[in-house]
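Given below, in the form of structure tokens, are the structures.
Note that chain A is present in both complexes that follow, paired respectively with chain B and with chain C.
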Partner chain A sequence: MNLDIQVSEHENKNVAQVSGEVDVYTATKLKETLTPLAEQEDKELVVDLSGVDYIDSTGLGIFIGALKASEKSGTSLTLTGLNSRVKRLFEITGLHEVIDIDSTKREEA
Partner chain B sequence: MTQSSELIEMKVPARPEYVGVVRLTVSGIANRLGYSYDDIEDIKIAIAEACTNVVNHAYPDDTEQDSMHITFAVYEDRMELIVADQGGAVDVDQLNKGRGPITKEQPVEDLKEGGLGLFLIETLMDEVEIRGESGVMIIMTKFLQRDEVDPYVNTASEESPEHQ
Partner chain C sequence: MEDMKVSMYQLYKDMLTSYLEDKSEHALYHAQQFSKQMMEQDMSPEETVSMHLSVFQDIADDLPEEVTDSFDLLLEVMIGYGLAYREHQSLRDRQQELESELNVAAHMQRTLLPNKKIEIDALDFGVVSVPAGKMSGDYYHYDIDDRGNFAVAVADVIGKGVPAAMSMSMIKYAMDTLTDKQMQPSVVLESLNRVVERNIDDDMFITMMYGVYHPDDHYFYFSSAGHEPGFFYTAKDDTFVSLEAKGLVLGVSPKVRYEEQKLKLDPGDFVVFLSDGVTESRVNGEFIEREQIVDMIRERLHMDSQEIVNEIYEQLEKAQEFQLRDDFTLMILRRKV
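On to the complex of A and B.
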């Protein structure tokens, strides 16, 4: 029941690498990390979920929040590295239609 | 052929850190019963959603008593998961309407950060019932798919001398 987040800053984007389980317990930590990144006006936000093996609606809600924040600041939010289980949840809920999901394996740093 | 069931019960504090404990427990039970990997993952999400609802909504912040009661009823062909709280009155009719997936026609600013939980439960489980008595009770059923490879069923009865 751990969640680890590593943020790396690049010239025009921030990349957050998330690994572990995203649920109601770990969600606060994820939200507190992602919200300020999504609010940065000059950088887009890429969230790499390749290390995430569990997510539920609490986690999905955080990405809705991050999407709202990034739209407000005029940047973009992209999710990458979703495993098939995690991706399925985005598809069931319809979130894949509103959040940009990059299906290629990994971002080049 | 009887409909006898085995009951496993747990009562845990209605706090975020215990949702993972319930999830691990259901994972262990479902694994023992022979559910597939995907079904186990679905069940884990469904029970976590039900518990998360209790954690977020059942009790006011200042209440002393805050627990959730989880019952796993194991049958030959299915598992019933019951998540109950002892919280105050909740409008069950309200809970029962207005759920669904997100569509791209919705403006982003109108998207709600909550509210997908019950929709997910209904999508991932085979049967769902929500009752409001004293508090809320969610009863979820997942059937066991037996038509796949099942190591516990001896199909080749005459050709398995190793079982003698």
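On to the complex of A and C.
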């Protein structure tokens, strides 16, 4: 399964649109894209997971890494478009308490 | 070494002579044996070709010049094969070395897990834990403290294999530094979280569920650090509920508080701890549902805990064609009387 990431730059934020499966095989690719974005001091990072059906624990780790990087650079990380299975994973792990999750988009599936 | 070459030469000469005389199957069989011997003695393919030519020149007096010359070309061609063969040999040796190193490490890792028998009359306890590869990123623990309380834990390091296994040993050592007074689930997890947060990569984490059973009043206290929820079975109502407690995974933030829950276990009630290797088992390409795990346990309520976990493991392993995708740990603690 492939992972596709499209980054669009806006005035005060970067938006990464991710689609595919985030797992042990694709995690490195996601990390290489997200880490530099999270390290940018003047822009917050929004990751749109509308196209993601499945995240495994290695994939979750990448979001923790991105969270820590954005905390260091004094910006924020927001996740949007989580499906119910992915959302459950963030809830079980308690990560929804530390990562900003915008649940206005897509709750079905 | 020279003697060896001489004897190989002689052997080959006898073989070829005999074959040229009667073209027998027997000589061909000898040739197969001979090739094994060649490999044992690290003879390269080009050495064999050159030996063939010398032997041939020895037994046939006047070989046409074209035949002799053609062997020069064949020799050149075989040199490439020879190099590849030697590379293969050295990779095979290296692989065997790594394999035996890994076996030692895997053995060491198994010694980190508890293996003593539990002797508490009120309890029926069973656990199965199997790594997907040689090394496991799952950790389980059980122990009786000085007050006779029984502590159980399951932890899962993200990823699998060697990196996960190394982090797993950190949990074990950190737990060994805790004193009995600290065996309270929320306190244990808070203290482990501090250790893990300081010692783990930015994009790694550990999930863990920790519980303590008090045989005097039959209360079970537990806390979870973002771990896959287990189950709680009540015999009176014959129902399973999810065993959940709020808490962040270990290693993300230095100061985390863990919620502690308590349950009263009546006779026949039990709790199930598991790792996501159980819930993420894929059967026919589909993830198994938590209800399916409940059904599998329900069918086996009459068995003792160890039999239940063993049979469920066997069934799920078989359903995945004996190839686990992730480390698998399943634990049941039941109050008997």
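Keep this in mind: the second predicted complex is superposed on the first by the 105 of 109 C-alpha atoms of A that agree within 3 Å, B and C clash if a C-alpha of one lies under 4 Å from a C-alpha of the other, contacts with A are read in each partner's own complex, and residues count from 1 in each chain.
As a working rule, a contact is a pair of C-beta atoms (placed from the backbone, for glycine too) under 8 Å apart; a residue touches a chain by one contact, two chains touch by 3 or more.
On a predicted model such as this, the values are computed, not experimentally measured, just so you know.
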| item | value |
| --- | --- |
| When chain B and chain C are modelled together on chain A, clash or fit | clash |
| First (chain B), second (chain C), both or neither touched by A:Asp23 | first |
| First (chain B), second (chain C), both or neither touched by A:His10 | neither |
| First (chain B), second (chain C), both or neither touched by A:Lys68 | both |
| Between chain B and chain C, more extensive residue contact with chain A | B |
| Touched partner set for A:Ile92, first chain B, second chain C, both or neither | both |
| Single chain C stretch clashing with chain B - from 24-32, 42-50, 132-140 or 258-266 | 132-140 |
| Doubly contacted residues of chain A, that is, touched by chain B and again by chain C | 24, 56-58, 60-62, 64-65, 67-68, 92-95, 97-98 |
| Chain A partner contacts - residues on chain B that touch it in the complex | 16-17, 19-20, 23, 38, 41, 44-45, 48-49, 51-52, 55-56, 101-104, 106, 108-109, 111-117, 119-120, 123-124 |
| Chain B contact footprint on chain A (complex, rising order) | 1, 21, 23-25, 27, 54, 56-58, 60-62, 64-65, 67-68, 71, 85, 89, 92-95, 97-98 |
| Interface residues, chain A side, partner chain C - complex | 24, 31, 56-58, 60-62, 64-65, 67-69, 92-95, 97-98 |
| Sites on chain C touched by chain A in the complex | 156, 158-159, 201-205, 207, 225-229, 246-249, 252-253, 276, 280 |
